[in-house]
Each structure stands twice: as structure tokens, then as C-alpha cells.
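Shared chain: chain A. Partners: chain B in the first complex, chain C in the second.
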Partner chain A sequence: MKFDAIIIGGGHSGLPRATELQRSGRRCLVVCAGESPRRFVEPVWSQKEARRAFEALGGTFLMGDSVVRGLFTDHRLMAVQTANHGRTRFEAPLFYLATGSFFSGGLVATHDAILEPVFGLDVDYVGGHADWVSPDFYADQPFMRFGVRVDEAGHPFLNGQPIENLYAIGSVVSRL
Partner chain B sequence: MNPRGDQTFERCMKCTICNDYCPMLAVNPLFPGPKSAGPDGERYRLKDGRFFDNNLKYCLNCKRCELACPSGVHIADLVQLARLEKAPTYPSLRNAMLGSTDLVGRLATTFAPLANGALKSEFVQDALDHSLGVDAHRTFPDYAEQTFVRWYKKEAADRQKSYPQQVSYFHGCYVNYNFPELGRDLVRVLNAVGVGVRLLERERCCGVALLANGMKKSALRHASANLKSIRASLAEDRPVLLTGSTCTLTLRDEYPNVLGVDNSDVKEGITLATRWLYEAVDAGRIKLVFRPDFARRIAYHAPCHLEKLGWTLYSTELLKMIPGVDFVMLDSACCGMAGTFGFKKEYYHYAQEVGEKLFKSIREAKPDIVATDCETCKWQIEMSTGFEVAHPISLLADALDLPATKEANEKGSTASS
Partner chain C sequence: MRSVIHRDKPKVALLFGSFNPIHEGHLAILRYLCEHTDAAQVRLVVSPQSPFKQGQGLLDNARDRLEAAREAIAREKLPVEVTDVEFALPEPRYTINTLHHLRQTEPDKDFVLVMGGDNIASLERWHKADEILRDFEIWVYPRPGTDAQPIVDRLNARRATKGVKLFTEATLYDISSTQIREKMASGRPDAPARPSVYDVIVIGGGITGVGVARDCSLRGLKVALVERDDLTNGASGRNHGLLHSGARYAVNDAESAKECIKENLILKKIAPHCVDPCDGLFITLPEDSLDYQKQFLKACRKAGIHAEALDPKEAIALEPAVNPKLIGAVRVPDGSVDPFRLVFANALDAQKHGADILSYHEVRGLRMDGRRVVGVDLYDIRGRQEKHLEAPIIVNAAGTWSGQVAAKAGAHITMYPDKGTLLVFGHRVNQMALNRCRPSSDADILVPGESVTILGTTSQRLEPSEIAGARPTPEEVDLLLSEGAKLAPQLMQTRILRAYCGVRPLVATDGSDGRSISRGIVLFDHEERDGIPGLVTIAGGKMMTYRLMAEMTTDLVCRKLHWDVPCTTAETPLPEAIVRNDRFGGKLVCECENVTEEEIRYAIDNLGARNLVDLRRRTRVGMGTCQGQLCALRAAKMLPDPDLRGFVNERWKGVYPVAWGEAMREAQLAQWIYKNPQYLQEP
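Up next is the complex of A and B:
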């Protein structure tokens, strides 16, 4: 299935970007793993309204689905496959990664590394496990700055090479 | 795979987003809501089955909580399992009848004119209401005088093997006993694109109605019979196509998640007819030629279980391919019917209250016809709004120029061979 742009993540970064693109006449697909867990700070209905506005423009929103595989050729992302759609390929010339930080699963911490679980993109972080967290709860927590490394244009890196048709946006991006 | 086995409920972080998406909680304060009924309740039930809350009976199993959950908790599956294993009561005669869709269907189609007449008479409706608790307001779907399988064997079976490609059709109880027209439409469309339609060796009801009515053992028997036939079909390279979204979800997801039956070897081979058709068109394997005079305003309602599968876009994209269609996407909302739930006297008013949001949006959209992939949504919408409801496959069968489609696909296959 072909789209003009595919946005992975339907939260506060992905959905506005998708809506903007859809409004400019591009057919967009949003893959959203679940409702944004920031219910605590923002009522869930704003998210529902944002989705409705996107769909009213003709956008396609996959709720409760997640990208499990990216198909790359020569530093370009050609297509993605999702948990619900098996072998079906969702193709586009343009992709956005907007999966958020640790809370929404955009970044995953293991004992010895910080990972980006969708594509295995290069992640910027410093030191070992003990350096990631400050014991003072109210201090600036180092792990909050970790994220995928991007070049000046916003392209993330895979094995040291920028992916030229993929952009990382929102809190998945490194602030180191 | 099993929502208990992998302890996913421990990932619940108490955000209560599921409660916000629950259509039952919005109209019924007696229902504890997915958070309490699912992961919260599970902690207690694991300690002692006496913590089972009988108000879990109000869960529609629409799975909208699971779709919204940011932590991937199988909330509705937990509720289903608790009801099957911890509910203290045995199924009543009414629930056994509503659950045994193929047994009752076989009886009713044998005496179809009698059954249809009787189910429309006020006397029988009152009798069902008082004696069994089947709500008298509910209109019963008609039973067909000739089942789909009987029609197929008489009119269609012989020529199917002559097509270059074959699929198996899991018709389900509804197509077989209530609405063979849909099955006939699928055969017409697939035959026109050069695909032969076969039946499974043996098909039983998928078991969703049995599960909803507490009959797990029968559901298990059905599951193993169906999986045996599905394996045989896939072994001969025939994918299994369905027109019912709930049957599809049951075969693919409820078997492993609720019944604990492993289907991982065949899951990818079980698909919706609309998905199979869309992908074949998209890949250029088949061609569709539409009639120039087909013009309809179609409002599409996404059934809950199709939303859970995540496959709504195949049905809607297929409908959008029809040139004369003015397409309206209705806001995704539960119709309230939930299979056999809406038939039950004590739940009838909840079903109608849940569906009201959808009914209102249909009345506002003023379509010529409503499209949906689910049979029980169709009954509920037709009864509650008066609008006619059709399956996307039936609309496609109407909109296609079948002889021209046949010609285009014959030419295509000779050109490529």
C-alpha cells in the first residue's frame, strides 16, 4: 500500500506533522501504538480531536498497531511492516519517526545500552548505567537528554549512515 | 501469547485511558470499566476467584480498550478469560440458544418460512421476552430458505475448479443461515477476477457466540475442527477468506489469546476478503472494471473487531476505488450490539444507548446506504436507524461491470502467461 508520507507515532509530534502534510495535499499514514500516555498532563480528548481532524482531511490512522520492520535500500527507507498487517508493505518516499521517549517506548533502556527499538537507529547517550540517573530526584536527569542522533536536516543515523528520507521528530531526538 | 502467561497486565500503569475509550462505561455506572475489570481485577482474581465481579457481564468485548492502551495490556482478553473461568453461573437456555448459532441456524433454516413468520409475530416475541429474556423490541434477522452451502453445492461448486487460482471461503453462520446473498456476491466477484471459491472440508461456527455465552468447551471443539480444515486448505495453497470481521478476529486472535489454541502456523493465511482483493488489485494481479452508472453516497461504519484487526483501511480503500461513490467515513464508534448482547432483555437498553452516537452520525451523514463488514452491526444499524446496510463485497458486486471485469482478467492472465 502506497502513501506520500508515513508517520510512525501518533502523539504530540507525529499527529500535528501528519495533519500539516495531509492538509498540503499529501496522503499520509499514521501508525500509532496506543493512546498517548500523557493523560496525566493533558486530557485524552484533545488527542481524540486531533485524530478526528486528521481523519477528516482524509488521513489514514492505524490505532493500536506498531511498526515491526523497516525495509532499507541504500540509506533509504523503502517500506515498513506492522504487527497487524503481516507481510503487507506500507511504502512511501517520506517517513517520520515520532515515537517519543522512554515512557511511550520510543527509547528502551537495557542494563548496558539505550536502544531505539523500531529500526535500531544510532542513539546518543553517555557513560554506563550508573551515569544515566542522578540520585537527586529533582536534579536534571541525564537520561532525559538521550535520544536518536540526527544530522542538521534531522535525518537519524543507522550504523553511522544518515537515512535520507527519514526524519526523527519530537522527544525521540537526542538533546545531547 | 496468553495474556496471563506473559503477565502483560503488570505493565498497566493505571493511566485510565482504557476507561475513556470504553463505550459501556460511558452509559452504565454498574460496569467497573476496563481498568478495574481487566488488569486491576486480575491481581485480585489470581489470589482468589471469589473476587470475581459479576458486573463483568457488561463488557461488550469490543476491544477498544486494548486499541487505546499505551502499554499493550490485553484488557478485554483478561475480562473474557475471567468470565469463562470464574463466572459462578452456568449458561441459561437462552444463552445456550443464542450461543449455538450453527445449531439454531440449521433448525431455523429447515423451517425458514415458519421461523421468520413466528419471529415477527407479536405473540412469539412476547413469549420469547417473558420466557427466555430475548428483548421484544429486537428485530430478528431473517433465516434463509436455502443455506449458502446448499446453494453453493447446487449452483456453483462444479465450475470452481476450472479457475486458474483458488481460495477457500469461511462463510460463517450468518452467510450460511441468514444472508446467503453475501456469499453469492463474493463468489460472483471472485469468479469475475478469475478466482475459484472452494469451501473448507468442514466448517463449524468460529465460536465467538459460544465464548460470549460461557461455553468454552464447545468453542474449543469448534476451534480444533476449523483449524484442521484451515491447515488442509493452506496445504493446498488456498488462502482462507472471510467476509465477517468478527469471525476473522476470532480465528486469528481469540483462538490463541482466549482459548489458548496455537494457530501461529496458519494465522497469516486467514484473511478478510476485502483485504485479499485490495492487495491483489494493488499488486496488479487482478483488475476491476466498474459500471459507469453506479452512483451512491456511502457512509462506512468501522466495526470494533475490524478496528482491532487494524484492517479497516482495506475495506474503505476498496470502496473508494468505485468511481461513482461519494464516500463518508463515520467516526469510529461501537454500535452496541456486540453479537448476542443486544438480544438480551436485561442489556437491550444499554446496547441502544451505546449505539446512539453512531446512529446520530449516520442520520447526519444522510447516506444512500451504510457499509460495514460486520453482520451484527448491520442488524443493529438497520433496526435502529432505518438505513439500509450492505457489506463492501456486495456493494462491489453491484458496482462492478462483471462481464468486462471477467474479460479484462482473462486478457491479463493470457498476456502474462
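Up next is the complex of A and C:
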């Protein structure tokens, strides 16, 4: 299936961007992990309103689905596959990653590393887990600024190479 | 005719004692005798002999005690005669001799012996007790902690008993304790020295301190317990919660093992609400030696610990979480114990028996009279004022800080503070306590506690100056995890709630690593050890043996006070220091630990909770899987002085060493909830 833009993440960064693009005449797909029980504190109501506005403009919204694979060619993301749609390829010339930070699962901290779980993009962080968090709750917390590294245009890196047609937006982006 | 005359004789009530010095408790009894009985006259019979050898009391001279008693009675304007009749009597000064003497010199009076409900039990062992009972009426005043009624009934059932009467009016004690409390409340630094109202002051609100306070108060002594922070703040609130069977010590320390199994059985009996008798397994892994298991089984049997060797398959069937690679397992009667509940149950029972529990009262100094310790200088941290308490015996049960307290009296105790770090996992992984069957090492115990599992522990010697700032470190966490996974491999995939650490109050014997120092009970009588009367230190031991430590300490205190009342703590059940949910079905404040508004109100009204950290120790609010993120705000609005910032930082202490995986998600949520909104940032 072909779209003009695919936005991964239907939260408060992804949905407004998708709506903006849809309004400018591009056919958009939003893939949103959505209302699983783990995401209990999300502002579900305002998300529903925003989704309705997006869909009223003709946008496609996949709720409760998640991207499991990206198909790359020459530093470009060609298509993605999702958990619910098996081998179906969702193709687009333009992609946005708006999966958020640790709480929403856009970043994952393992014992040894910080990962971006959708594409395995390069993540900016420092040291080992002892360095990620400050012992004083009210002090600056390094982990709150970790995220995927982007170039000046906002393209994230995969194995040190920027992906030309992918943008990272919102709290998944490094603020180091 | 003769009996009529007998009946008409005016009654003279006699209160015997050394009155060293006279205090409110005595005055309350005298007041009661004057106002509520048919005694025509009340006399205070001061014993010339100090009951304390070499003068352990405050007033060594018998004449001083006599004078102090006369002054106090004059001040209170009581119609009581203070008599030195015993001063002139020959030794030995048995009560019966004094009574005979009085009856001979004043045949027109009917003398009545007044005694406390705690003392009546030992009356039958007195010199010529039969004669006393036959010839003299006895009035018994109730003492908190003892039910004298059965003894009184038994004595009255004897054929040759003149009459034993138990005052059942509650007024006696209401008067006493009210006045003591009033005096305490008005205690100003410049107030003149006044007679001591306490028999014992206990320093330290850990399990040992509350255990001593309970034992002393059950034996009828008037106790004050002082603690500079909250109860359970030291090692008592920061440990495994393992109800040892003693098996862990069986090979190396047979004495500790025997003590443990004995206390294990006692705790299961007196505190079933604090204990989960889940049993434990000591497992042997391929890298361990089965020879050690043989040695272990033998040592357990020798110590009286029921130890049963299991086939690995049986062990896996009993405990599916256990490492399936095990090559041997031994089942022992380990369990888990909630140390918070246990401490508060002891404190509550001590209070019920008349003890005053003064938390947030820091000992700034010991009051000395020459080399004798006679009291404590306190700073009331919440009331922001100085206070002074006096008692003939001070018990130092300050745990890790015992050395500092003893130093205030000039005694030297070397402590080896030893940090142990533990990890709490987000659910109950194992149903039985899991141990490695090998010489003790890091991270080889996994204890299920209520809804979580606790893995420990490490061992690291600290300098005394490092105790206050001790924190679990990420490096210790890594060590715990890699070792702990050998007990139960699924730990690696289990969400970690937090890390915490406690400081073992080891007492130095010989220099070596922390595990070789005996964990035995150390009771110092500083009078004998250092020539400092009035001070006793109870140290070492372990939470499991707190009751025995308290018994040993209280026995020593009683010997010093010549107070012959036996210990009953091994039989007397502990009260529940919490209100159970099911009795109320009220509104839930904490979903993780199932704590209702009623329980929180109970903790505020009856257990002295003022802030969120206090409340956590008393109710488990914030200890569960959300670590306070969802309940802290709800609970905060019910508390007088919630200190949300302090609570959040205290919880954070445990999260930061384990900040990865799910803990990282929670950490981020906590930052959003508790950091950003301006209104939550208390100054």
C-alpha cells in the first residue's frame, strides 16, 4: 500500500504532524500502538479528538498496531511492515518517527544500553546505567534528554548514516 | 468479742520500698490510699538498705532518700507518714520482721501490706510468706502488664489467708500516667531536677529497643524509649525480612543456629500476623559441593533444625522458580517476617503496658553523676525543645550507633558497620525462601515477602562517618543480579522495583571480613566492664533473636533493680499494629498494597504517622509495585505534614541504581508527575 507519508506514533507529536500533512493534500498513514493497558496515563480523550479530525480529512489511522520492520535501500526507508498486517508493505517517500521516549516505548533502556526499538537507530546517551540517572530526584536527570541522534534537518542515523527520507520528531529526539 | 475489737482497729496501710528516688508512680498510689480506701493512716516505710549494691540508685544515702520522700509528700500535701522504722531494726530485714515489730509496738492498729500486682506473684517465695498471709491483710494495686486477679484469687482460696484485696479502680493509673505525661509535656530545660518517673530508659527504636521496652513494661517497669528518627529507621527497616530457621548459621555458628530455631518457633506462635511460614530451600548447584550439603544436614540436625534432603525433581515441583540445574536441595523451616509490623507490634504492646515511646527525640548527651549514668539529655526534633529524662538504668540499644552512645558515657565499643544491599523485584517470583547451600556469600538469599521478592545481600565495611550516607550503588546491583539469577533464573527478566541497603550493626571481636565476625548477642554491663554504673549496652545479634536479646537485657535490668519478675514475652502474643482492610472495606488509597483510608487514619491517630515516610513504614503505602507514584498524592492530603519532596527522594534512592527497563519508564513518569508541576515543589 502506498502513501505520501507514513507517521509512526499517534501521540501528541505524530498526530498533529500527520494532520498538517493531510491538510496540505498528502495521503497519510498513522501507525499507533494505542490503547494497550500499559499506556494508561495517556490523554486518551484528546487523542481521540485529534484522530477524528485527522480521519475527517481522509487520513488513515491504524490503532493498536506497531511497526515491526523497516525496509531500507541506500540510506532511504522504502517501506514498513506492521504487527497486524504481516507481509503487507506500507510504502511512502516520507516517514516520520514520533514514538516518544521511555514511557511510551520509543526508547528502551536495557541493563547495558539505550535502544530505539523500531529501526535500531543510533541513540545519544552517556555511560552505563549508573550514569543515566542522578541520585537526587530533583537534580538534572540525564536520561530525560536521551534520544535518537538527528542531523540538522532532523534525519536520524542508522549505523552512523542519516536516513534521508525519515524524520524523528517529539520526545524520541535526543536533547543532549 | 475479740473479733469485734479486731475489726474495729484502725487500719494502717504500709507501702514498703527503697524509694530511690520517690516518683509520681509512688505518689499516685499514696494519693489513692488516702482518698479511696478505709485506711485510717498511710505510711511510707523507707528501707535503709539501698537495693542497689554499691549504690546504684540516684540517692545512695538512706537518709537522703528518706528526706526526698518527706519533701515530696510535703509538697504534695499528702497525709502520709514517712517512717524510718526499719533503720533501727536488726538485719536481715525481712518484711515479716518489720510487720511483727510494728504490731508489737502498736497493738491497737491493724497493719495492711500494700504491694503492686506485679510483686504479688513472688510473695509466696518471701521469708515466712505463710505468716504474712495469715496475719496481715494485703492490698494489691494493679500494675500495667500484669493481671494479678488469678494470683489474688489463688491466695484467697488458701485456708489461712487473712484477705488479699485487688484494687480494680482504673483511677490509680489514670492519675499516674496523666500526671507523668503532663510533667513530660512541661519539661523545660530550666526546670528543676525532679524525681525520676522511669525505671528504665531505652535508647534506640529498632527491633532490639522496642523488644526491650516491651519486655520491661510487661514486667511492670516504667519505660521510656527514645529514638532520634522514626522507629525501624536503622537496620530493622532495611533487611531481608528472612525468618531464619538457623540453618544458614548451622555449620559455622551452632549457638546462633540454636537461638534462631528457638526464636523462629516462638515468633510463629506469638506473632503469626508478622510471619509467613513459607519454608525454605538450600540448593546445591553444579559449581557447589554436595559434601557441604552433608555437613550442612548434620549441623542442622545437631542444632535441632528440621532439615530434609530432597531430590532435585521434588524441589522443582515444590518451587518451580528454582534454578532447574540444581543437583541437591534441603528443605528447612525458613520463612519471611515483616520487620515493620514486628517493630510496631512490639512498640504498641509496650505502650499498652505504660511505656512512653518518644520518636524523633535525639540523645544529645548522657546525664552523669560522677561515673554513673543517671539520665539522658534529649532534643525533641519535632517539638524543637530540649528535654531531660532520668532513670536508674539506661539501655543502649542504638544498633549501628551503639558505639557513639556508649562514648557519651566514656565507654568504648568498636562497631564494624557493614553495608548490605538488597533488591526488590516487582512480584513474588518464588514461594519459598531460596538459599545457596554453601558458605555464606553475596546475593545468595531470595526471600518472598508479601507481594514481592527480595534478593540479598552484599557486604561492605563502612567507616562510622559513612553510615548516614549509605546508599545502594549500581555496581552492587549488578553483582546481586548476576549472582541472584543462579537461584532463580527468571530474575533476569523480572521487573526490579528498587534497591535498598541497610547497615549491619556488627560488634567487633577480631578483625576480619564482615561475615566471620560472630553475629552473636553482646550484652555489656558497663558497671562491670568499664566501671560505669547505670548503663547497659545490648548489641550484635540479629532481628531473629531480638526477643531473646530483650529478655537477656531485661533480666540484667531487673537484677540491677532488684525486681524479681520473670519474662513472659515467649508466651505473650503480640498485638496487631495495623487495621485490616476486610474489617472496613473502605476507600483504597494504595492499590498495590491494598491500604484503605481507615488504615491510614489509624496510623496517623495511633501510630504517630505524620509524613509519608512514616506512613510507608506503618502501612506499606508506597512500597508496592507503583513505588508511591499513584498513592503518594492521595495519602499526602490526609497527613498533617506530608513532606512529599522527602518521600519522593527517599523512593528515588532505591530507583536510581536499578534505572533500566520498566524502572526507567517509571522513573520518567515520576519525573513528569513530581518534578514539573510547580505546586508540588515544596520549598
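Keep this in mind: the second predicted complex is superposed on the first by the 167 of 176 C-alpha atoms of A that agree within 3 Å, B and C clash if a C-alpha of one lies under 4 Å from a C-alpha of the other, contacts with A are read in each partner's own complex, and residues count from 1 in each chain.
Rule of thumb we're sticking to: a residue touches a chain if its C-beta (ideal position, glycine included) is under 8 Å from a C-beta of that chain, and two chains touch if they have at least 3 such contacts.
Values in this document were obtained by computation on a predicted structure and should not be read as measured data.
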| item | value |
| --- | --- |
| Chain A as common anchor, with chain B and chain C clashing or fitting | fit |
| Partner chain in contact with A:E55 - chain B first, chain C second, else both or neither | first |
| First, second, both or neither for A:T110, with chain B first and chain C second | second |
| Touching partner for A:V133 - first (chain B), second (chain C), both, neither | second |
| Which superposed partner A:R175 touches (first chain B, second chain C, both, neither) | neither |
| Contacts of A:N84 with chain B and chain C, given as first, second, both or neither | first |
| Superposition-derived angle with apex at the Cα centre of chain A and sides reaching chain B and chain C, degrees in steps of 10 | 90 |
| Chain B versus chain C as contact partner of A:Q141, first or second or both or neither | second |
| Overlay on chain A, chain C to chain B nearest C-alpha distance, Å | 8 |
| Common ground on chain A, meaning residues reached by chain C in one complex and by chain B in the other | none |
| Footprint of chain A on chain C - complex, ascending | 471, 473-475, 478, 481, 645, 648-649, 652-653, 655-657, 659-661, 664-665, 667-672, 674-675, 681 |
| Touching residues (chain side chain A, partner chain C) in the complex | 41, 101-103, 105, 108-111, 128-130, 132-138, 141, 143-144 |
| Parts of chain B lying in touch with chain A, wherever the complex brings them together | 13, 15-17, 20-21, 66-72, 268, 278-279, 282, 307-311, 313, 317, 329, 331 |
| Residues of chain A that touch chain B when the two form their complex | 1-2, 33-37, 39-40, 44-45, 52, 55, 60, 62-65, 82, 84-88, 104 |
